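Each structure below is given as structure tokens.
Here chain A shows up in two complexes: once beside chain B, once beside chain C.
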Partner chain A sequence: MMLEILQSIASGIPLSIALTIVAFVSGAVLGMPLCGMRASNAQPVRVLSGALVLTLRSIPPIVWLFFIFFGLGADFIQISPFEAAALGLGLITAANMAEIYRGALTAIHPGQWEAAAALNLPPLYRFVDVIGPQLFRIALPSGATYAIGLLKDTAIASTIGVPEIAFEAYHTSQRTFHSLDVYAVAGLFYILISLSLAALTRWADVKLRARVAR
Partner chain B sequence: MTELFGFWWEWLPTLLSGLQLSLAVTAVALLFGIPLGLILALGVQSKRAVWHVLSLFIIETGRGAPALILLQFTYFGLPSAGIALSSFVSASLALAWCTGAYTSEIIRAGLDAVPHGQKEAAAAIGLTDWDALYFVILPLALRVSVPPLFGFAILMLQASSLCFAIALPELVSQAYVIGSNTFQYMQILLLAGLLYAVICIPATIAVAALEARLGRHTD
Partner chain C sequence: MSDSTAIRRGEPLLRLAAVHKRFGTHEVLSGIDLRVSAGEVVAIIGPSGSGKSTLLRCINQLEPPTEGRVLLGGVAVEAGQELSRAELTQLRRSVGMVFQSFNLFPHLTVLRNVSLAQERVIGRSRKEADAVSMQLLSRVGLADKAQQYPGRCSGGQQQRIAIARALALDPKLMLFDEPTSALDPELGLEVLAVMRELAENGMTMIVVTHEMHFAESVSDRVIVMADGRIIEEGPSAEVMRNPKTERAKRFLQAVNDR
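Right, the complex of A and B next:
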């Protein structure tokens, strides 16, 4: 019995991880222009991007997912549950990553910008070769903490029918009536994935630090 | 446009009654969860192994498992162990668990921020451990913890939307029911989102201002 419970909940693990990765990667990429806009010299751009970040972060993820899946999905575009969840969580991630990048930017010494300018590097290379690598290293721990939170937020996708861990747990509990064990196992799976993600980040952080220290 | 506002006007009272329930469940969760967080923060620092391990277990499960799983655990899971709770009680229980786990970290950071000399001074003037904690350490520690605790309260209001999954008729559930009856999901979810935004955006700005104000002297 326990084995069956374990197996059927475990069948949701790949989608939970896939959704976390897709949402995180798209959010981490979209967060960059958003962060750039927040640091812009033009006030309208700054205000608009600030309002966007605040709105994305102030409305609960479940409302975004429902809005995209039932709202947009019913009237305008054909969208699968997974795509809707990835889009919604990706947008929320973009807002949060923009804030993380912004925090990391303030931690970079202004001399780095000046030195890059003094070397007459073109703006793109100033970012790619000088600022970007430092930004990545500083943003990594907070980004990873956010990714672990995002993994737990993917459970929300079960409400629109993405067959990930929480979804499989619900259906297993309805089928077997061993709800207590089922949800304990589901919680344990999330904790185990979080722990491995945390271990992976610590390893990456140590590696990156070692390269800088040399 | 007038059609949209007419639709909103018609359903606003229903959504507001849902919002009331969202706020109620958030308030109950914070009311029980923050003191729990304080107990857990002290429990983790305890030298008694039982308290240390027990506190750590509650914290790690509360932070490690998604809030949605905690909610379903208390609502669908506990009845199979013979404890059947109403959706409001199980929602409060699960969210208080979650609140306790997260706020214990916030409060622990506050406790760590109190200079060690304060504890020594309290011992030197002969205060008992309890009195030292109550009159000296906690007032200093909580001052550090207050802005992040407010920030967490905003997140908790958002997390209360997950009670949709355990059939608590809060804001999102109400919006969903109206959507499925009228087929105007987009319009009603837009209004639900606006209601959250109207509360959370000013609150976020206020917390940031409070943080800046309290942090003024530390830099």
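Right, the complex of A and C next:
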């Protein structure tokens, strides 16, 4: 019995992880231009991006997913539950990562920009060689914390029918009536994934920091 | 890249004409005129807030002047003029800058710090750039630190690396913005020794400094600034010993009384 519970809930793990990765990676990438827009010299761009970030962050993820899947999905676009969840969580992640990058940018010594400018590095390389790597290091711990939060938020995708951990747990408990065991197992899986994610980032952090101890 | 406009010692290299810099309504530079010839070492002294650093930063357009012209090695920049990427490149290439806070890139090795701009700005190969970097690091006495990260070097060593980094693009003019102010006296000395060697080898240098001994013994000319103006200018010994203006007297008195 326990084995059956374990198996059926475990079958949701790949989608939980996939959804976390897709949403996080797209959000981490999209967050960069969004952060750039927030620091723009043009006021309309700043206002627009500010409003975007505010909207994305203030509305609960579940409302976003319902809006995209049941709202847009019903009338305007063909979208699968997974795509809707990835889109919604990815956009929310972009807004949050933009804020994390913004904070990290202020932590970079202004002298780094000046030195890069005085050496006349082309703007692309200023970012790629000088600012980007430092930004990454500063944003890594906050980004990892956010990713773990995001993993937990993927449970919301069960409400629109993505067969991830929480979805499988719900249906297993309906079938077996062992709700306590079922949700305990689901919780355990979340803990295990979170712990490995945390261990991975700690390893990366230590590895990066060891070299540039100031 | 070959240098078709090689400048000989004594020829005019830099000229500032009526340079003003305002931040909002606050005027930091109020009409600076300055000529520097190739091979000259010019020290700029004066109280904090007198515009010394801003003056340096106007020369390489880190702070574009609000009014006036900057002529440097054949490139003329009129205030308010939008510089093309190529013009800015030509201008900045000929000027190396060393900052008070070193501003080395902490995530790159010492060698990469010196090589990076050579590859990205003047297109040297990694091998060429590293060879030039090693030569420059030897010159400032730090070849053995090439594979270290800047965070593992002392302040004096970091500043010498920063000098090597600035020299790597073959500048015609070196700007030093209080290069020893963040260092304790002993570490400052090793940086000054490197600068002295540069001066002896004919590098044109403008040095904003509070090191009066260095100003007097190494520089050919001293400029005293106050309130965004040059209030006194002349051969080092003369300016330092017999300042003419009241304001310069007061400043040098305060420095000497310490």
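Quick note on the criterion: the second predicted complex is superposed on the first by the 212 of 214 C-alpha atoms of A that agree within 3 Å, B and C clash if a C-alpha of one lies under 4 Å from a C-alpha of the other, contacts with A are read in each partner's own complex, and residues count from 1 in each chain.
FYI, contacts are C-beta pairs under 8 Å (C-beta built on N, C-alpha and C of every residue); 3 or more make two chains touch, one makes a residue touch a chain.
This is a predicted model, so every value here is computed, not measured.
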item: Combined model on chain A: chain C and chain B, fit or clash; value: fit
item: Contacts of A:M97 with chain B and chain C, given as first, second, both or neither; value: neither
item: Touched partner set for A:A139, first chain B, second chain C, both or neither; value: neither
item: Chain A residues touched - chain C or chain B, whichever exceeds; value: B
item: Touching partner for A:V162 - first (chain B), second (chain C), both, neither; value: neither
item: Which of chain B and chain C A:D129 touches, first, second, both or neither; value: second
item: Touched partner set for A:G71, first chain B, second chain C, both or neither; value: first
item: First (chain B), second (chain C), both or neither touched by A:N120; value: second
item: First, second, both or neither for A:F177, with chain B first and chain C second; value: first
item: Which of chain B and chain C A:G111 touches, first, second, both or neither; value: second
item: Superposition-derived angle with apex at the Cα centre of chain A and sides reaching chain B and chain C, degrees in steps of 10; value: 110
item: After superposition on chain A, the shortest CA separation from chain B to chain C (Å); value: 22
item: Shared contact residues on chain A - chain B and chain C; value: none
item: Chain A to chain B touching residues, read off their complex; value: 54-55, 57-64, 66-67, 70-72, 74-75, 152-153, 155-156, 158-159, 166, 169-170, 173, 177-180, 182-184, 186-188, 190-191, 194-195
item: Touching residues on chain B, where the partner in the complex is chain A; value: 60-61, 64-70, 72-73, 76-81, 154, 158-159, 161-162, 164-165, 172, 175-176, 179, 183, 185-186, 189-190, 192-193, 196-197, 200-201, 204-205
item: Chain C partner contacts - residues on chain A that touch it in the complex; value: 109, 111-112, 114-115, 117-122, 125, 129-130, 133-134, 137, 211-214
item: Residue ranges of chain C touching chain A (in the complex, touch as defined); value: 60, 62, 85, 88-89, 92-93, 95-97, 99, 101-108, 116-117, 120-121, 149, 151-152, 165-166, 169
